[in-house]
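What follows is a pair of complexes built around chain A, which joins chain B in one and chain C in the other.
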Partner chain A sequence: MQAKLKDRITTTEAVIINVNYVLAAGVLTLPRTAVEAAGTSDVWISVILCGLLAMVTGAVIAKLSQRFPGRTFFEYIRFIIGKPLGFLLGISVAAYFLSIASFEMRTVQEITGFYLLEGTPSWAICALFLWVALYLCLGGINAVARMCRLIIPIAWGIFLGVSLLSLEIFDLNNLRPVMAEGVGPVWRALRPTALTFTAGESLLFLVAFMDKPKKVMQVVVGGNAIAMVFYLAAVVLSIGAFSTDGVITRTWPFVDLIRSFDVSYLVFERFESLLLAIWILQIFCTFCIAYYGAALGVSQLLNIKFKHCLYGLLPLIYIVAEIPRSINGLFMMGNEIGNWALIVFGILPLPLLVVAYFRRAGA
Partner chain B sequence: MKRRILWLLLLIQCLLLSGCWSSSAIEDLNMEVGVALDIADETEVEEKLKAAGGSYPQQHRFSCTFQFIVPQGAVGSKKEGSQSKNFYNMTETGDSVFEAVRELSLRTNRVPIGHHMKIIIIGEKLARTVTLSELTDFFSRDNDIRPSVLLLVSKGKARDVLNNALPGQTPAFVVEGIFGNQNRNSRIWQPVPLTKVLGPLHSKSSFVLQNIISSGSESKFAGVGVIKGKTGLLGGFLDESQLEGLIWLTGKGQGGFLKTKDPETGKLLNYEIKSMDSTIKANVKDGEISFEVKVESAGRFAEVFDPGGERLDEAIIRRKEKVLQDHAEGLIRGTMNQIQHELHADVAGFGTSLRIHHPAIWRKVKEDWDETFSAIPVTYKVKLNIEEYGASGTSAE
Partner chain C sequence: MWSMIMRFIPSWSVLLQGGFIIGFPILLTRAMSWIRISDGRLGTRTRKASGRKGGGVPAGIQNGAEKDQTHLKNRDQGDEASDQSQAVPGMVYSGRFAEDLQLFKNISDDMADINLRELRIGSLQLRAVLFFVDGLTDKDGMDRNILKPLMNAVRPFEGMNTAPEPQALKDIIVHQIVLVSEIEYTRDPVKSLEKVLFGSVVLLVDGMAEVLILGTPKGRTRVGEEPVSEALLRGPRIGFNETLSDNTAMLRRQGQNTELAMISFTVGKRIQKELVLTYIRDIANEELVAEVKRRIRTIDVDDVQESGFVEQLIEDNFLSPFQQIQNTERPDRVMAALLEGRVAILLDGTPFVLIMPVTFGMLLQSPEDYYDRWYAGSLLRSLRFLAASLSLFAPALYISFISFHPGLIPTRLAISIISSRQGVPFPSLIEALIMEISIEILREAGLRLPKPIGPAMGIVGGLIIGQAAVEAGIVSPILVIVVAVTAISSFSVPMYSAGITMRFLRFLAMFFAATFGLYGVIMFFLLLSSHLLKLKSFGVPYLGMIAPNQIRDWKDFIIRMPLQFLRKRPALIKPKDPRRKG
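Right after this comes the complex of A and B.
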């Protein structure tokens, strides 16, 4: 038996899953990576451009998936480019999801070990992460969707709250002048931004579960627009507080931003633990969705029971997560995964769509 | 039966899942609230320990004094009265801050935690010889010390500041709290957290840090120390009036007063600042840079010692405004003289204005900005508005 596709999710749930998939560890590091590449404060323009760009690539993937109602990418790819090639591409996509899951988990391990639970062994942090994710994914896509929906009010509320509080140390002069060096810096920052802001891939299997696949464009536009707001807030607020020269010295600029102010008039004085707690939830969502995608891919490509795939991939995720030997290795891994995504999900879907159109594959 | 197993499982879960892996009891922690960094100068305790054989190879670069707070109730039988202190200081001399912190672990069983660190005070002699980036590197890298920790310099020994407080108070908290008086006195520079020096240190631009001095049993905010961008070292100080001028120049004041003598009557005049604002405009004409400073302020009479008990009508108010404006401009000029011609350090944001409005010119001059800045002409325009005179509508008798 293959993964059950009897589960159905509503359009809203699809939007929520899409947003939760995009929002992950990137928010914590993007201000640094983008400014490093650009050298000026114009990177917020790049974030907006990337958001729009992601909508375009997302739309292509959505169109592709729409041609094959009720089927995931792993099932329909062989109708477009044939069985052997399709199998290879399918496996590479599943491997991509797996490495995303590993990357996110390793990031949590690093942040938690450094800021939150110094002294707790990293395997203990990972074990909890893996087990809970396994339990959740066994419940199917609906369970994942419900969990995503559950954490949104808490996570987004706290994110919005701490963002507003950080305005205390915000200095608009750090974001001026706008485009003083022309479009060069904006262009240079596009790449690192795109690396963290690849959004379309979850649609490869999400569309198959939607009860109204026709409304997929809402998922693409809504999902990217919401995610863009978060990335924009992270970039603008971090630069506003640290200035471009300061932000590149911070390993986790957004975490340090929240560590940069005390609030004396509220119940809590410091908010970094709160932010990290909710952002770990957010990363957990991404982890689960990627894990689910990887397992679904393997299950459909190799015709193995979905549950068995979930169990089988679990140790693999842990092993891949432990590959980077240092924090630089981790960031490099993130970069490589991003490059991979740019090719597979940014460039490839368009020719696939064209081929599918001419071969009259799908509806 | 099933129910019982379920209950048993829940009970076991309570035992296994509660608590935190890396927890430590608050009574066993040394909560750091302040640090003072000075040029190497060992304390009596340290010398005695050294004489007894407690030393290791080091170059004696600086002394770190850590202020810890004594958790309430941790002190056995607390003596009543002024003798009881709720803080204690420990000094370690070493080559690096980190080494000093860890060296403390040989002297106390309690683990220091830095989450509540409020201030870092750097002594003048040290700040003049070791760069600020080296001194703050540990603090900006550490995971529990937050970037919100405030930086100050001290003309004199920084360690002394941490010794002074009224009974029952903790010096680090007192210093942090004085920054809250910005609305009462305009001779306080804004608190500068570590967050705000990372940028300037990296871009090699100059900035100022509040100076605090101590004498006997009390400490006082006294002007600011200027950190030079090029060197990262303390270059000099602005005294209290020069700081006042800097506050007017940048419009960063939130309140305070402006005192002068009316040359016509020879009597004192005191103006309470309600608000102030300043804009620095950069002009570039034929490649020549110049600046225009425009300061505006609103406030009220706090004291008018004019004789005669005259009604404070519009004519008098206008005349007094003029007197006060001239005085404020004088303060600003004094400050500008110091930062342009003595210290050669742009600490008032002139560079920022040029960077924002003339980015192309800025790119050409930013390399050696502090020197370029010291030769640039600046014009001033100060506008005061006395809105009211309080409950008394006449001058003093």
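Right after this comes the complex of A and C.
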């Protein structure tokens, strides 16, 4: 008896989990990282391209998972490439989820420390975050799924409102000219965008929980399309307000965007507190999904009780999160994780699918 | 190379903090499981441990496996059989006494409030039986006008040694014996049951295939007064009272329905009390009913003094601050819940009826939402949701904005708040605690006082102390506004018990805010949501309404759609018949 695989989630829930997993800290930083690489304002094209690309890789992963109904990646990988290799790959995927969780938590710690709580020791911030996440994840995938559903109306509503308000300082000229320097900048921005926009990996274990695994393509397409809209909005609005030069100089361009306008006719003049609040909720969701994935992986690979894994991973996540010494270190860590994801989830699933096909593993 | 690796080795303090991060939840979990284990040792709660419906009912446990539970009446053992007997079409009374009696018993099997009175008619000693519902029938009149003449009937049967033909017998009874003006005849058992439930007395005589329906309905002797705890502007003015038969009769009056089951249990080891489980047979989920029955049987105390005892002994999670069973004094509310597929428990000696399972939305809904037009219902509901969240988070937000992020307040407002707080000698947490605690004391004191003094207390406490505290410079005027708004908001929660939960959680939120500011409030929200998402009431997710599986459950959540669109019962409870018949 490992993790409870008798829990089931509906297709809508799977879409929502997928979207919540993709939407995370990246929205706050993507405008900067993308523009840094491209140098022009054409990055929004890269975002769209990346979204489509993520759909393709996501579809490959989904196809792979569909071959083994009711089994997670950690269980079926050894049927494809054998036990030792499968174990290694499984551990590396679990470690990836763990480092994603660490990364998200460290981001919360940095944002909170910078904007909300200057004097509070960072470990206390992390401890609270981790404990609440542990409490939620002990409720299983259903609790996580419902939490995502609960947060969506709040988070998306505020995001939409804040985005509309920021149109006040939006200048379309900052986005022009389109493709002035050809496709070069678009190409260069593709990599940093892809780093934040890896989407398929949550499907590695989500499909096993779905009550109708046949509809997994809906999850891939729906999830990525919705997430793409958010990233697109963040990039376009930030560049439109600050121009490319302004975006590069800001650590969290999207937060600064919300800070940079006053609305005197509403109760709040500034909305960054609201935005930060919902973004902490959003990152919490991503964190919980990644945390859940990591614990599930460890539990299934090493045959340990799932709940024990949840407890055991807590300090590990914290220690990994504390490795970067500064915020630049954190961004470097994000880059490394993204590179890793590109290899493991962007390139590797296709050969796996081919091998599985020829070895006739799975259904 | 070495320094490269060294950079990744965490420092001692990080390791120590990591240890703390894992240590605390493990300790907490240990403590919780210790509490649960001791609960399992002392109580009977753990018997509901496994299965689907928040415990679930393993097959075959209802009748066989619980023989040690001697205190349950035999009546409810047979209720599984009743569904089959219900289904026989076209059954009629045969005229053979024992068979007819059994037939009627079968169709009324899980209605414990139907009484039988066997008797012998007159000098011929004919076997007969009267069916009536306690509390609906005029018992005095029945004794005087039906029982007495029937038993004393000597003259009409003069010169007869055997029973006359059915037709002649009927004529004799109707024309010469029974002193009742309204009489009907029927051979249809279901119709006779309907009439009984309506308050008539049904007379079944040996040898007669037709039963006599004698009209003796009467109102209840004591009129239920308007419930104090749940006042309404629009809606029935009637509330339950302390007599069980009155209460069951009141429910019968609410809905004329032959499917309304009332199953009687006896609870309490030393002082036995009657408890009635009621549900609508063709709506309520069987698994739910079985689970509730099973939990009722696990009640093991000397005396069940009030339905609150039942509530606490059968709820899912006794560590949760949220009530998982709703109590109400209003028959219309109970009926509405039954029609949604829930079940209710009535206890003798208390006007408070328990409704289960509960979802979070129910705590903020009032029957008026349905009686008024849908605009009004929807708007009032949204208002209540706003008020509930205000009463939960307003002081916490005040504390976090004042002590941690004055920069996030609009500038002019911040200036006016700061200037009004200049003389206050306490940090904002202490300031808020002073006011919140004193208002809680006021509220509690006002509740206990006799009615005429209560309002005076409110004025003295609320107005004068608040004013004086501001003038003395102990608290800021803004805080008085916040506290007042909070208190008023918490009164708008229609359920008193739910209001208590809010009050308790408000203080928790304040402590979170005082340590972590806005971040703490967000984390508190997440913690609360996590708890609610995991909480179940009789197998139904507590927050099911907010995050429903089917969007159509939202039609009746914050917005109350027009009645004609509410064509389906809440899918969450999995009723047998999902459609409200239109």
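Operating definition for what follows: the second predicted complex is superposed on the first by the 363 of 363 C-alpha atoms of A that agree within 3 Å, B and C clash if a C-alpha of one lies under 4 Å from a C-alpha of the other, contacts with A are read in each partner's own complex, and residues count from 1 in each chain.
Assume a contact is a pair of C-beta atoms (placed from the backbone, for glycine too) under 8 Å apart; a residue touches a chain by one contact, two chains touch by 3 or more.
Please read all numbers here as calculations on a predicted model, not as lab measurements.
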| item | value |
| --- | --- |
| Side-by-side fit of chain B and chain C on chain A, or clash | clash |
| Partner chain in contact with A:Ala277 - chain B first, chain C second, else both or neither | second |
| Partner with the higher number of touched chain A residues, chain C or chain B | C |
| Touching partner for A:Ala143 - first (chain B), second (chain C), both, neither | second |
| Which of chain B and chain C A:Asn335 touches, first, second, both or neither | neither |
| First (chain B), second (chain C), both or neither touched by A:Tyr135 | second |
| Contacts of A:Ile169 with chain B and chain C, given as first, second, both or neither | first |
| Partner chain(s) touched by A:Gln66 [first = chain B, second = chain C, both, neither] | neither |
| Which superposed partner A:Arg259 touches (first chain B, second chain C, both, neither) | first |
| First (chain B), second (chain C), both or neither touched by A:Leu117 | both |
| Stretch in clash, chain C with chain B, out of 7-15, 367-375, 511-519 or 529-537 | 511-519 |
| Footprint overlap on chain A, where chain B in one structure and chain C in the other make contact | 117, 120, 124, 270, 272 |
| In the complex, chain A residues that touch chain C | 10, 112, 116-117, 120, 123-132, 134-136, 138-139, 143, 146-147, 149-150, 267-270, 272-273, 276-277, 280-281, 284, 311-312, 314-316, 318-319, 322-323, 325 |
| In the complex, chain B residues that touch chain A | 20-22, 115, 140, 143, 146-148, 193-196, 198-200, 202-203, 349, 352, 355-357, 359-360 |
| In the complex, chain C residues that touch chain A | 7-8, 10, 14-15, 17-22, 24-26, 29, 404-405, 408, 410-411, 516-520, 522-523, 525-527, 529-531, 533-534, 541, 543, 546-547, 549 |
| Chain B-facing residues of chain A, complex | 114-115, 117-121, 124, 169, 173-174, 176-177, 180-181, 241-250, 256-257, 259-262, 270, 272 |
